[in-house]
């Protein structure tokens, strides 16, 4: 029961993150939204795995946590390097 | 007719059409590739939906489970995803080369430049 | 044993869910990027920890799920604040500045902070 | 509950795709692609496709947005252009196709019904007999690496070919392979100490986890494809934080290019090995007297080949793209 409630809350938060990802206004808001979305997905998968009683899903949650971190860092570094280059050129 | 039993298929159709729309309606080549990706994932979703059995569990054999989802679509799609990223990267590489040659990734600009030659 | 663990787990999950909701509300409503980052960056780490703790307190047959959850928790505790830090720094370097309460214009900063 | 999660996720997916149609900026599109990948992967989890979710998480939410972003960075974000003429052709064509497809879906078996045609042929055999014949719990791995290993060999070859193609397309004249770095990033201005230290702590664990996924694929979700992508993403993380020249010193481009061929060769030689003993291609029974042990060895070797190829091809692709990006403006 309480797990189902948590899942619903998580889905709600995912909807909010998605709204922010659509709205922007700048790219960092979208990155933040994607990051929030990623951590919520980790929790969602973990909770679902208990709700449905299949602990194999936890490996996936772990992968999500890793990938989420890597992609956020990647996005930031690439945008930053781009700005540096453009700053050097302009 | 039970709407819920067709909901997955319709979502697939909508996704596929959104991808299709991006591919034909947007002139930017990167955007076209994103559209192609959406198209591709809609096919993945179709396969995986077809493999689901209600009440089944993940196809990892265990003594206390009797009903499993179909493993065959999983195998096909698992490899298709990795192949998909490999082919997408070929497409992106081509986009980079096109940009180097034409100075643009907009299909209309590229066509215009081609006509001038 | 489970008579203690079960309510404890529920409390953790509920508290975590509540924090998530508040964070999401702030993320949606706040005026500028840094306020939004603050809203979800701060709540996120605690909420994640609470929810994972709540799940760990759920009864299972073996200890393996608990161990995996612990790994997830450790990873999130490391990576989530780092990601928030990186985001704030990148946004600052890119020229995003805090805004006033209505989100209309940038707040004037002392010259040294620009 | 299961159904509710399923429906909500699908609606979110459609909404994200819709936003991708509307949003014009390429950076914004890339971030939405990442969210799309995460949603897709969550959906696969609710559909019990754990292995697929694993792969989609690593690819759709990790590698694919990064490559897109590197491309966008290499070609420049692109100036906002005036909205062109209404795409009349698309607006006419898309609803017609959609209508036809929806009519087509009405003939499909209801979602999730256990007696759909897809579940009555071949699949029951895999589910019932793979436990005895192959002896490993994860049916997806049995099918992937044993029953349909030839199919998988084809997929691995496609991935290898894609890697070669990217190298060929992006190789600039006078430079053997495009992955040789020329640009040295200015790390003094912005050293990113916190990021570097945290990532330095995390990277060994990511690599360890990749190995766990690689060798645990017989018992739980995982296998060569997933492990390869996770391994490569750890290398990508290192490269992004320490710069392309540094990561090229740690993982030499020439070695990676070579390894991508080695993986395919391991897979192929496993097959040829069986032929040498007079058995069909990719028949694992030559490896041991006990058929189940033989299957175990065969699957382990084949998955290793897959893992090596996938990891190195994705690293090669990353090198090629990152080099384009870092040399793009200078």
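Order as written gives the chain letters A, B, C and D; numbering starts at 1 within each chain.
Just so it is clear, contacts are C-beta pairs under 8 Å (C-beta built on N, C-alpha and C of every residue); 3 or more make two chains touch, one makes a residue touch a chain.
Heads up on the chains, UniProt names are A = pH regulation protein F; B = Cation:proton antiporter subunit C; C = Sodium:proton antiporter; D = Na(+)/H(+) antiporter subunit B.
Model, not experiment: these values are computed from the prediction.
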item	value
Between C-D and A-C, the pair joined by more C-beta contacts	A-C
Most distant chain from chain B, judged by the mean position of its C-alpha atoms	C
Chain centre separation (chain B, chain D; CA means) in Å	13
Chain B-chain C (Sodium:proton antiporter) separation of Cα centroids, rounded to whole Å	32
Centre distance in Å when chain C (Sodium:proton antiporter) and chain D are each reduced to the mean of their C-alpha atoms	29
Chain B: positions in contact with at least two other chains	57-58, 60
Of all residues in chain A (pH regulation protein F), the ones touching two or more other chains	17, 31, 33, 52, 56, 59, 62, 66, 68-69, 73, 79-80
Residue list for chain D, restricted to those that touch at least two other chains	50, 190, 192, 195, 202, 220-221
Full enumeration of touching chain pairs	A-B, A-C, A-D, B-D, C-D
List of chain C (Sodium:proton antiporter) residues in touch with chain D within their complex	75, 78-79, 82, 85-86, 93
Complex contacts: residues of chain C (Sodium:proton antiporter) adjacent to chain A (pH regulation protein F)	9-10, 13-14, 16-17, 20-21, 23-25, 27-28, 33, 36-37, 40, 44, 48, 51-52, 54-55, 58, 60, 64-65, 68-69, 71-72, 75-76, 79-80, 82-83, 86-87, 90-91, 93-94, 96
Interfacial residue positions of chain A (pH regulation protein F) with respect to chain B in the complex	52, 54, 56
Residue ranges of chain B in contact with chain A (pH regulation protein F) within the complex	57-58, 60
Interfacial residue positions of chain D with respect to chain B in the complex	3, 6-7, 10-11, 13-14, 17-18, 20-21, 26, 29, 33, 36, 40, 43-44, 47-52, 55-56, 59-60, 63-64, 67-68, 71-72, 74-75, 78, 81, 84, 87, 89-91, 93-95, 97-98, 101-102, 105-106, 108, 110-114, 116, 118-119, 122-123, 126-127, 130-131, 137-140, 143-144, 148, 151-152, 155, 158-159, 162-163, 165-166, 169-170, 219-221, 223, 225, 228-229, 310, 313-314, 317, 320-321, 324
